[in-house]
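What follows is a pair of complexes built around chain A, which joins chain B in one and chain C in the other.
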Partner chain A sequence: MLSIENLSVTFKDRASGEDIRACDGISLNVEAGELVGLVGESGCGKSTLGRTIVGLERASAGRVLINGVDVLTLRGSRRRQARLQAQYIFQDPYTALTPSQTIGQAIDEALQIAGEHNARARMLRARSLMEEVGLPLDILERQPRELSGGQRQRVCIARSLVVEPKVLICDEPVSSLDVSIRAQIMNLFLKLRDEKGLAILFIAHDLAVVRQAASRVYVMYLGQIMEAGPSASVYSQPLHPYTQSLLSAVPDPDPRIERQRRRILLEGDVPSPARPPSGCRFRTRCPAAASICASEPPVMSIGEASAHCHFAGTVRLMPAA
Partner chain B sequence: MSTLFRIARRIGLPAVFLIGFFVFVGATAPWIVPHDPTSQDLMASNESFSLEHPLGTDHLGRDTMSRLIMGARTTLVAVATVILFAMCVGGLIGTLSGYVGGLVDEALMRFVDFGLSVPSMIVALAVIGVFGPGYWNMILALTIAWVPSYARLSRATVAATVHQPHIESLWVLGASHPRIIFRHLAPTALSAILVYASADAGVLALTIATLSFLGLGVQPPMAEWGQMLVDALPYLEESPRQVILPGLALTIMVIGFNLLGEGLALYRAPRAIGAKALERRRQLLLREGEI
Partner chain C sequence: MSSSEALLDVSNLDVTLHTERATVRASRAVTYSVAAGRTLAIVGESGSGKTILNLAPLGLLPPGVTADITGEVRFDGKLVLGDGVNQIASHRGKDIGVIFQDPLSALNPARRIGSQIMEVAEQHLGMTARAASAHAAELLKMVGIPDPVARLSQYPHELSGGMRQRVVIAAAIAAEPKLLIADEPTTALDVTVQAQIISLLRQLQKRIGMAIVLISHDIGVVAGMADAIAVMYAGAIVEIGSADDVLVQPSHPYTRGLLASVPRLDTPLGAPFRGLPGLPPDLSRPLKGCAFEERCSVALEACGSARPPLQPVAGTHAAACFANVRAALAATR
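Up next is the complex of A and B:
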């Protein structure tokens, strides 16, 4: 349903004039009725990737296929039609709604934009959308500031459903919510995935959040995909040293295990995406880096689970004592 | 207590009453003037306070009170016209600049920088120098002089709003550029500009009086405060009343606009909720059975 091929997004740094490759040759795909996780640290380009899919950023190379149509090659109203198939859920539901509009007005406007001219039809549709996301009808009369974070995020989801999208890009949609609300919103996404057959790309900086919900996971580092595979295998047998170190940072709910847990601590900082390291992007921080890592960029291994590493699968980082 | 009065009280009653008074006087001027403000009576020139002429007459025997009242109208109309034009042009330039960004933004803002770097009075004088003195030329000159600050202000507001998720989400939903600009960005910019404009109106009123004082703005026999001042100047010693009255009117109007601007700015700013309002809200929730 959503297929991205070799997508690159380049920004020009105003101050230094350097090209910053926020996304560098990314390929991924999400099938209808599937929720796929995209994880990585802040600044690795995962949000840029999501924003490019819905047209908020300009791609410098590659293809974005939504429902088999390359959005980037189209122009004008055909491009608009194509990109509307993918909708975006923002991280912060507090700023994603116009403060001066009531919820009813916001959804009404979305329906107007979608070309529904009949006011009564818009009202009925707004009501059914509220029902769909599990909100009471009187919310329509409220201002955004009167709602809780979870309610606002539901409103944002309802509004994005106005155009009947096939793809939903969720940019850390639960990270600004209370932990108690997160599960409810996650369940809503799962419900939409199952009932509407939505293809959901779920962006998160936290592996634990997507562990339960995602069938497959992509791990990103410095603008590239490091590892991809079914959640089960990525979580139990991570192939890439970066994924291994990320997973070692996830706390365990059992205090006895947690006390004995050892983390893999990475040295140094993430390099500037303006001047990425030669060869493998991760080599400057990889405990298992060898000379080949600096001279040759690794290719993605092929298979169910694949990693962007010369030693995919053979390396197993040991936690520091 | 009516909502209108509550709003007025929050903005500040002195400001609202002062400007309200001037607006009322200006709007009804032709019907409330005791005499024709332009009709001369040389037999009754430079008269002091009297029943016939409550505030006296000027050197041509024109009724001072009538001229003060008509002067309020002239000033307010000129101020409103300039602010309206400057707000539309400046707001449009600023909104486009902030929305489009990039080279367009750079180019437009360098023009604005140029306009801001020259004092607006000098710009106005230059424009009048080219087109000649007169009422409409003064309006044009002041509009040109005032556009840059409105453009800069609205550009800043728009640039700060345009990348907020609530605007971006409209784009993702397929909203057109005009819809985003005119329904969402321009109103935000406008509300910021309005606060600035209400405080700025005082400066504008003063500039209009200055230009007319210099003989470059409003032309005789139209009644205007700056002109009344320059007409009265030769009689300063024998009849200071003629200088003091229009000067006082101008001062009060400028103070009124400044208070209004400050009140509006504070009105928009968030503030702590008072105990009374908190109790009212609690009662409301209780009645709705929510707590």
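Up next is the complex of A and C:
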């Protein structure tokens, strides 16, 4: 349903004039009725990738296929139509809504833009959308500030469903919500995946949330995919040293486990995407880096689970104290 | 949990906030203590009062907000709040260091990192500029910032989020405080950086023996740092005890629900997410009974009309729940 091929996104840094390659040759795909995770730390390019898919950023190379059509090659109204099939859900549902509009007005406006000219049909549809995302009808009369964070995110999801999209790009959609509320929204995404057959690309830094929801996961670092595969194997047998260190950093809510816990602590910071390291991008922080890692870029290993590493699957980082 | 060796002893702290729009009972009868070299975590979700409770007595309130504070706070054996005394704020920066959630807003963007740390040392340790500069470089080294002398002349925006939070920590411990209040110290950070910062705070605590009050919503971070935990809901402590008591044998239905909501790396793949139904109550309206009653699956009739007090579960472990008390009574019969 959604297929990204060799996508690159380059920005020009205003201050230095340098080219910053936020995404560098990314390929990934999401089937209908599938929720796929895209994880990585801040600055790795995962949000840029999501924004590029829906046309909020411009790709410098590659293809974005939605339902088999490369939306980057389309122009004008055909492009807009194709683009509507992929909707974006933001992290902060408050800034995504107009403060002075009631929820009903916001949904109505979206329906008008989508081409529904009959006011009564719009009202009926707005009501059924509320039901679909689990909100009471009186929410339509209220303004965003009167709603809780969870309710606002439901409204944003309802609004994205107005155009009956095939693909949802969710960018940290539960990070700003309280833990006890997150479950309600996550279960709503799972319901939409199952009942509407939506293809959902779920961008997040919370590895445990992604593991539970996603059938497959992509791990990104400094503009590239480091590892990809079914959640079951990526989380239990990570092939890439970066994935191994990410997983080792996830804290456990059991203090007895935490006291025994040894972690792989990475040294230093993520390098600037304007000047990525030669060879493997992770090598400057990789405890297992060898000389080949500086001289040659690794190729993606082939398999159900695959990794962008010269030593994919043969390296197992040992946690320090 | 009050004891004579406590470095910080808070009892019956009530904070009522006044804004232009509303009056909010942010915390109610909160009592806790923490000893030197130990970490108490105050856990809660947004609006639970966990941050206001700790920051209001220090005079740290958002603009346009005033607070009525009653109760008693003893710090290092001295009464610093209550009985007409209000001196906590004068300890801030010296005996009490504070780390805020967002490292960028905690630093002055227009001033060099070095001068922001040196200021603390000059003001509270009476150091000369030269000694303070050496001290600042030493601190940056201690918090794991490479090339510390060069960093002194940099501005906050030149550093990554993780490095900035290290600078904030360096400034907070510059006067070697006895108490560090850390408000969501890793929330803005990535998980690998979070692991570095937690490990750093633990090492610093060992080295200078400070007590830490960790304010957090993140159960994983709390499990890795806390000796004791207080769980807050709607402005009150609903459960308190050792980290093992609260996280391994949670007693209050809210704590149990909160823990069940945390996805873990060993949750079955594809399992539905577990959370709590409903929303926390609006604290600008009066509450008759238990604040958690509406969301609680084991609520009794009494829960709607009276507020359950904190009652011992075992040892220092206590919870504020009528259903618990009934279950305990039934068990002893």
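By definition in this document, the second predicted complex is superposed on the first by the 321 of 321 C-alpha atoms of A that agree within 3 Å, B and C clash if a C-alpha of one lies under 4 Å from a C-alpha of the other, contacts with A are read in each partner's own complex, and residues count from 1 in each chain.
One rule holds for everything that comes next: contacts are C-beta pairs under 8 Å (C-beta built on N, C-alpha and C of every residue); 3 or more make two chains touch, one makes a residue touch a chain.
These numbers come from a predicted model, not from an experiment.
When the two complexes are overlaid on their common chain A, residue A:Leu265 makes contact with chain C while staying clear of chain B. In the superposed model, A:Leu97 makes contact with chain B only, not with chain C. Contacts of A:Tyr88 after superposition on the shared chain: chain B is touched, whereas chain C is not. Of the two partner chains, chain B is the only one that A:Val162 touches; chain C does not reach it. Comparing chain B with chain C, the partner in contact with more residues of chain A is C. In the superposition on chain A, contact is made by A:Arg80 with chain B only, not with chain C. By the touch criterion defined above, A:Ile113 lies against chain B but remains apart from chain C after alignment on the C-alpha atoms of chain A. Of the two partner chains, neither chain B nor chain C is touched by A:Thr52. Residues 41-42, 148-150, 178-184, 186-187, 190, 205-209, 211-213, 215, 231-232, 235, 245-258, 261, 263, 265-266, 268-270 of chain A are the ones touching chain C in the complex. If you check the complex, the residues on chain A that touch chain B are 54-56, 80, 83-84, 87-88, 90-92, 95-99, 109-110, 113-114, 156, 159-160, 162-163.
Of all residues in chain B, only 164-166, 168-176, 179, 184 touch chain A in the complex they form. Those residues of chain C that touch chain A in the complex are listed here as 45-46, 146, 160-163, 190-196, 198-199, 217-224, 226, 243-244, 247-248, 257-259, 261-265, 267, 269-277, 279.
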